[in-house]
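I have a structure here, written as structure tokens, and I will follow up with some questions on it.
Labels run A, B, C, D, E and F following the written order; every chain starts at residue 1.
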Amino acid sequence: MSQTFRPSGRTPDALRPVVINRHFTKHAEGSVLIEFGDTRVICTASIEDKVPGFLKGKGKGWMTAEYGMLPRSTHTRMDRESAKGKQSGRTQEIQRLIGRSLRAAFDLDCFGERTLHIDCDVIQADGGTRTAAITGAMVAAHDAFSKLLGRGVISQIPLKHFVAAISVGVYHGVPVLDLDYLEDSTCDTDMNVVMTEAGDFIEVQGTAEGAAFDRAALNGLLDLAGEGIADLIALQKQVLGLSLS
Amino acid sequence: MSQTFRPSGRTPDALRPVVINRHFTKHAEGSVLIEFGDTRVICTASIEDKVPGFLKGKGKGWMTAEYGMLPRSTHTRMDRESAKGKQSGRTQEIQRLIGRSLRAAFDLDCFGERTLHIDCDVIQADGGTRTAAITGAMVAAHDAFSKLLGRGVISQIPLKHFVAAISVGVYHGVPVLDLDYLEDSTCDTDMNVVMTEAGDFIEVQGTAEGAAFDRAALNGLLDLAGEGIADLIALQKQVLGLSLS
Amino acid sequence: MSQTFRPSGRTPDALRPVVINRHFTKHAEGSVLIEFGDTRVICTASIEDKVPGFLKGKGKGWMTAEYGMLPRSTHTRMDRESAKGKQSGRTQEIQRLIGRSLRAAFDLDCFGERTLHIDCDVIQADGGTRTAAITGAMVAAHDAFSKLLGRGVISQIPLKHFVAAISVGVYHGVPVLDLDYLEDSTCDTDMNVVMTEAGDFIEVQGTAEGAAFDRAALNGLLDLAGEGIADLIALQKQVLGLSLS
Amino acid sequence: MSQTFRPSGRTPDALRPVVINRHFTKHAEGSVLIEFGDTRVICTASIEDKVPGFLKGKGKGWMTAEYGMLPRSTHTRMDRESAKGKQSGRTQEIQRLIGRSLRAAFDLDCFGERTLHIDCDVIQADGGTRTAAITGAMVAAHDAFSKLLGRGVISQIPLKHFVAAISVGVYHGVPVLDLDYLEDSTCDTDMNVVMTEAGDFIEVQGTAEGAAFDRAALNGLLDLAGEGIADLIALQKQVLGLSLS
Amino acid sequence: MSQTFRPSGRTPDALRPVVINRHFTKHAEGSVLIEFGDTRVICTASIEDKVPGFLKGKGKGWMTAEYGMLPRSTHTRMDRESAKGKQSGRTQEIQRLIGRSLRAAFDLDCFGERTLHIDCDVIQADGGTRTAAITGAMVAAHDAFSKLLGRGVISQIPLKHFVAAISVGVYHGVPVLDLDYLEDSTCDTDMNVVMTEAGDFIEVQGTAEGAAFDRAALNGLLDLAGEGIADLIALQKQVLGLSLS
Amino acid sequence: MSQTFRPSGRTPDALRPVVINRHFTKHAEGSVLIEFGDTRVICTASIEDKVPGFLKGKGKGWMTAEYGMLPRSTHTRMDRESAKGKQSGRTQEIQRLIGRSLRAAFDLDCFGERTLHIDCDVIQADGGTRTAAITGAMVAAHDAFSKLLGRGVISQIPLKHFVAAISVGVYHGVPVLDLDYLEDSTCDTDMNVVMTEAGDFIEVQGTAEGAAFDRAALNGLLDLAGEGIADLIALQKQVLGLSLS
């Protein structure tokens, strides 16, 4: 099959162009506009000097995430969730995933009784919004902790390891990396993977949209994901001015 | 009083730098990022081929608006309205104002049984979000109607007149144009004005935050607003490539 | 144009008969039934010995307002807001306006850490419910403070100035005072004005329902409003047994 | 025990003064202000020319009721249910009771596919609001059907029998009729009874607030209720100008 | 009339087979599966070591109840109340009834500042779910207090008297005990009765579904209810291993 | 490591005792009580003769799932979701997973425009409620389709393949099958796997609760899951009286 079977002309193992734009808005302690091709997500990190009730007095911090899509970030306008009066199951599922992923990247014991609020708001959607959100939120959170470090509130950034996320899927029978909307809406299998810079897994979420997939397909997808995530973490470090090792 | 009594150093009759960025996102029929200084609002216009129930079968169109702020568009993070399960009174008041203003700009009888949905989402707030929203939505709506015109759905843009909006207020005793957040949070009187290109009023909403204001003060504020709105409408036409007359 | 062009036969500058009935219900510290013609609103003022969280410990008081309409106060029965599970945007807009107006009439620094709750419930609607509500709530609040004074809780009524409210509009091309429902539903411009006894403005909210209005029309409307409000404040003082000066 | 053991000085078998004020508001097809002493309830009946989905096409009518209390109808201000976003269990229980009682009074087969909406809004509460509501709603509904009769829509009022409601209870060991708030809040047993003009039961709802009550007490209470309801139905007929037989 | 006029073939004064299954689930302090024929309800009693705000510091306990039906406990699947976002009026009415009944059975002054939460969840419905719930909850609550007694937290079970509940109704003109669904959906009068072991009333709730009922019918129903409740209380005591006197 | 390092004494690759009880309630077309040790879930399948709006007129069927926990199914009583007015993110995530899993098991093209509603209600929780729910729902759905087959509505059960689900995790460094609550609350990695009878994947959802996990650990877990699911599917077929091939 020619390399141009993907609607975008990408090879199966190619990411879309990824851009990470720091300091996108001025109020948040960390603010990133991340683009995975035409998918654009604003990720902000806000520090609050208190923790939820279940953590009070334990000397630990907390990180939590919320996710939203602007009504016309999509092909057809969606109803605004605040007007409907509730968040969809999909929204809640995604924000729980983002929260777990970020809590795995940082050491909650090392920044006092503070909450880091992650807000990921999709302004343009073309597939992969949750993986872009996690990848961008990692940088926004790092910036927020840098700000705390700069204020002398903490003595070092409470980093356990960098994390990033990418989608993989079986499209027309071929495992491909970083599905865009056209691929996502017709692929057989869709998997979102969150990994550390060491190549270990934080989350693996694979779903057979059509036919069930076998162990070999799963292995092929995980291989692709590992390569993509390594590239994303290299980019995160580069935009933060950190050495890549 | 020196011209630098305003925190920004602006003269009393000076607008902040205004930037109108068309085609900001790709899915919406009209999409504008408008900036009044540090206030940045995404305004999209989406066309739906049906009208609300109360207009069905009447051959008329409808325009409606929704407004939101990203949680960290402000100095301190606000709760997300979709998570709280309802929109605040302020949000509803603003989206009703935007809707009325836009319905005054276009002729609802001339684009069939269609609804134009305006979405104004504040990504960074520094005062004047509702006036920026109206001013940007005017351009986004014009772009959306141009798209309908290009598709041959309508034979001309159903424009009655351009509208724009600006805030004015009494700050330290002096009437000033286009209040930013620092001014807005301490001024005595705050007024939002929506006007047409002919200099007529669509909306006048003035509130005494502290001392009541007299007729002379009101007149001074309306004069300032008129000048600011004339400049904004000139800019709207310029970015749309229209003649200014 | 003959004086009978108004459906009610009123002259353009005539208020409807206004009746202010104090002590309408027995539990509230202040309770007023106010009638602007066929518009009838129950306004109660309730004193609570605490303030909202954002004011705790600051030694200041607070005033807030809620507004509702009985389902069959209108020509056609409306859905009950408690059954729908939320208040409409219109309801919230009106109760915010009433609250701001009353907070401008009294000195929040002078009655301790207490909240005055204003409840305005429309039992019959014929246009102008929000202006009747503000005008009646002024009297109810005054009565409530008198009760606090009588109990020795405060040493004087924390009055800054009397306020009242009236609507004005352009009806068949003529500026008219105090629109009833028939006028309100067909007029071109609708303006609600809240003023002090000194003739200064607390709120000016004008909307072009149809054609935009020019500066001259605005001035004509504000003149009419000033006359009407002077009469309303004279009546408020009279029913309270206060001298008119 | 002297006859003055009741706080109001009433004898055990005495109703409070009952006033039924027809045509209280002008828009509703039926509108009654009913007073049981200091308890005052506005009862309106509104006719809608359609029925709920489960009755469509069956040629039958429907009657339904809603109930509310103004926030300061009570000694201490209650939160507004529309602001809280839901109706309490007590509110729902009462409006279901009112609806069942009225549906027992009229023949749903005889007024076409129409809904009669009953709205009972308490403007002042002093015990017995639900029984006043039912008794007043009976008159409001009769007035609404009279209006349909006058318009020639129906050929006779679809009356099965008059109904009215009263509370009875054991207060300081003595069965008493028509409890006011002081009695209601301290009595041992509280019973609400809805009966027809023939003396038959529509609803009997008795609750032991303190000690359980025996069969003899129950019988004493039902005797009292029967007498009170006969008086209320006589008054309903009198204010409607109907013969009492 | 032959004894088989009831769909189940029961005589008018016959209960359905009643089974009370203690220790049905393992986490709750008291857990009962009760069956009235095909009606099956799980009743659990959970102890919480605090009381609602209105009781704090008063040294008293509280009991409260919630009720739910599994979506397919009924002939036709009902919408899930958590998915609809609110409990129906019927649900709230029933849980208030269960709560009042249980609070009448135990002495709230004798188990410290604790709350006993009763949860009654219907897994299969065939009429009489609320009466089965009350009857089962009595046993679950007794078990929960036994657990507190066993832990030495209280010195005796705070029992005032056993209570049980049963429905009675007029079916095809005959008073019958313990209505099942087929009877309940077509009977003329439906009454739920809660009584103590001494034969006194806690609650009497009778409703004329069709024709109003007279005093003689009421008396016949209460006689039947008394017999049924005596049997139920005997069974409660037997399954708890208590003497019947 | 001895085989008793698991709190239950199970070997790492041992399922808990699994019991599948068909025909548990009488109204539902399919009704199963499934037990994974102390985890007990009622799974019902209800057939409705219509499809959601997005499928109308397409000749296809739909399957959807809802999930709930009784308030005292857990160690500590949880708030009832219907009383809170919304479903948690966890609830929504689980019901979406159940729905996707069941839609993968049956052919939606082969049972007409009908919806199969799956309801999974946990009456006792001890870990693994979602996997028990999926495994039990498979049987309930099969029973519901058998009923349709028996009625002649469909000509064969629209089965694509049996599916079952199990959890696996790394507990004290050892991969173990079918985590109970004690293991689940302390394990490092938690994975839920849904597979077909052919050993292919429908869903893989793995989360690093503590340390990230590497590829080898993932492979070990998937091996274990495959064995467990084969046993579960054998049991599903056995209770349905089907041959195991």
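Please note the rule applied: a residue touches a chain if its C-beta (ideal position, glycine included) is under 8 Å from a C-beta of that chain, and two chains touch if they have at least 3 such contacts.
The structure displayed is predicted, hence computed values, not measured ones.
Graph distance from subunit A to subunit D, where chains that touch are one step apart, equals 3.
Taking each chain's centre as the mean of its C-alpha atoms, subunit A lies 33 Å from subunit B.
With centres set at the average Cα position, the gap from subunit C to subunit E is 51 Å. Shown for subunit F are the residues that touch two or more other chains, namely 85-86. Interchain contacts close the chains into one ring where each touches exactly two others, per the touch definition above. A single ring links the chains, and its order as traced from subunit B towards subunit C is B, C, D, E, F, A.
Here subunit E touches subunit D in the complex through residues 86, 88-90, 92-93, 95-96, 100, 104, 161, 191, 195-196, 198-208, 211-215, 218, 222, going by the rule given at the top.
Residues of subunit D that touch subunit C in their complex: 25-28, 31, 38, 40, 42, 44, 46, 48, 66, 68, 70-75, 77, 80-87, 91, 117, 119, 121, 123-125.
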